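The next block holds one structure in the form of structure tokens; read it before the comments.
The letters A, B and C name the chains in turn, as written, and every chain counts its residues from 1.
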């Protein structure tokens, strides 16, 4: 796919967005009945479901930590989620790598010292992929963790950004990601502005790094507004049922 | 490097389709089954125990062309990791490679794995596993000649129950099983392989006559409810008949042991 | 895990037709049905049973050959044998003018916490096999002949992927409901066959799509659990732990049984078995009507151009 088509002469991307525009985000919490906390988020056509169980007794006694909680992340992609049907392999290395990235992202944010000798499980199920599966999963996990009532120092908001035709673009979709545009995923703690996870798997010129990170961080802050609004709404409705 | 020592066959080979009687047109007429049976008669069955010396208990069953052998090992100690307060019943079902028209591979295919599961589900309600903590009972069924896959499954269940009895494993009752083929609304007991190709559905049922309980039932094909219920009744009656043969065989075995000892 | 007193409480309740959540023995829970939320899939449907069970089914169609390629390695042969295993397990596919349906049941990590990993795999395998057995074949409802593109060589393969998102009892019934909904929602691109120079070629038109013929005849499943001396429909997780035996019946629109299977450690008296079969038929037909009504509403919603808000937004039935 030629680079010229990513941004049309009028400055519009393939799906009609402006370069600095985020996709439409829809999210809800408490979608699963059995989980302690759960959330569903849709960013454009990428859909992800998160379930959080915990803090609870660790399943593997040997792995428990005496002074803090153990965080366990499982990331799974549905067979029908992408254009071609892919049979899910039991131990797909790539999925395990993504799961461990997400685990490290949250380990620093969750107040694990509050729950020593216990386990917090985060299960992520991606239902449909249109680019940005990793950052959508992180956002879903944040929502689910808040829904489960697990204390964190801040929201973790993630977003992706890329660089094409001397223009940094925000929130890449599947076509843009597969067109070999360098994609940078950033997970940010909005209050402090600190970056808790940064991932880049392609080549990007050092001069361009700063603006792209900045753009992704701005995207994260926008997403934070959305996540915050969802949490407040669900808390309000929860409060209503309690106070009745 | 070409292998000159062996003469290998062509890489892609196809089994010749010549089976006895395959050239003549076969039309199924319930009134006139090939072996002259009525639609509500099972094939005459022959059973014998003690055919596998190594095993704790064994049995052999023959019904028409169908031949099934079963060996039971146990109760023996369970592997450390799976110890539980209730005994474990492991069932293994295998068609011999030469048992049917087409050669079967050595490795179990999904049908055999499914039948192994069915075997366990049919026998587990009858075996007193709660009297065998930390133990495993292994049941191995080998079909030597198959004549109707549903009938084979039913024969396997019966044969396994007989072998379990021969092994002295305590059970609530000897499980008997039988199969039925549906031909639109006609119900035919104990269908053979040829008859199976024309059936629109099949039913396998295993039953404990003394307790009047069905231990397992599995049906496939689109069948009406009344037909199904009628078939259930037919099967239950046939199972009672099969169990009487089982009891005779077991009585004969005991007599032999007493006289021989 | 269930305690003796809980088991006693549930059994006594079932005896007088009062279940833990207030239902009577033959009451089915409320179900919520949504279709078409996975746009990448050819068809999708989500069914939620009030009380937790959440199933998402995605259908993807692909063009494949009627006889899967057989390779020299025995292991590969067996893998293919497993793939094309029909009722008789005969390795050569008898009918060369039919498409195929391949079902696969998977548990999402969030649903698996209650079971041991080995049990989950066993359960998923069992359900996959049951679905394959029911859907492949004329009793499955779907017109497999219509899925054939070029007789003897090419056909459509329907890959039905079931994802269990949450466990709240009675998985198999919900799975079948979602599968039927997903098949109703599935659109296959039109394939036109051309004969040129003695060679037969086919062309897939992406824009024109067709529905799956025969989706209305796909059966629904009703699982009855025997607790004490009575049987219940649509068991909750605790009730499933109390049940001594389970009967799964697949019923189609015409009131015929497409499959019958017993599970569980206990036995069932033949008279009770006959009664359960009758009950299953009645409940199955009621469920079919409910589902058809829900699907009609979904069709209207899609026709009206309203976007699915996704997850929990659809109508209750």
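As a convention for this text, a contact is a pair of C-beta atoms (placed from the backbone, for glycine too) under 8 Å apart; a residue touches a chain by one contact, two chains touch by 3 or more.
Protein names from UniProt, one per chain: A = Ribosomal RNA-processing protein 41; C = Ribosomal RNA-processing protein 42.
Being a predicted model, the structure only gives us computed values, none of them experimental.
Trainee: In this assembly, which chains make contact with subunit A and also with subunit C?
Mentor: none
Trainee: Need the central chain here, defined by C-alpha centroid distance to the all-chain C-alpha centroid.
Mentor: Here the chain at the core of the arrangement is C.
Trainee: Among the chains here, which has the CA centroid at the largest distance from subunit A's centroid?
Mentor: In terms of C-alpha centroids, the chain at the greatest distance from subunit A is B.
Trainee: Need the CA-centroid distance for the pair subunit A / subunit C, whole Å please.
Mentor: Using C-alpha averages as centres, the distance is 31 Å.
Trainee: Between subunit B and subunit C, tell me the centre distance in angstrom, where each centre is the average of that chain's C-alpha atoms.
Mentor: Centre separation, subunit B to subunit C: 28 Å.
Trainee: Starting from the mean Cα coordinates of subunit A and subunit B, work out the distance between those two points in Å.
Mentor: Once rounded, the distance between the two centres reads 53 Å.
Trainee: What residues of subunit C sit close enough to touch subunit A in their complex?
Mentor: Going by the criterion above, the answer is residues 37-41, 44, 51-52, 54, 56, 58-60, 62, 104, 106, 108-111, 113-114, 159, 161, 163, 165-168, 309-312.
Trainee: State the interface residues of subunit B toward subunit C in the complex, per the touch definition above.
Mentor: Residues in contact with subunit C: 11-12, 15, 102, 105, 107, 109-112, 114, 117, 121, 124-126, 149, 196, 201-203, 207-208, 211-225, 228-229, 232-233, 236.
Trainee: Which part of subunit C faces subunit B closely enough to touch in the complex?
Mentor: Counting only subunit C, the residues touching subunit B are 70, 72, 74-75, 77-78, 81-82, 85, 87-92, 126, 129, 133-134, 137-139, 245, 247, 252, 254-263, 265-270, 273-274, 277-278, 281.
Trainee: Quick check: in the complex, which residue numbers of subunit A touch subunit C?
Mentor: Touch residues, subunit A against subunit C: 26, 28, 31-35, 38, 40, 42, 45, 47, 49, 51, 53, 74, 76, 78-83, 85, 87-88, 121, 123-125, 127-130.
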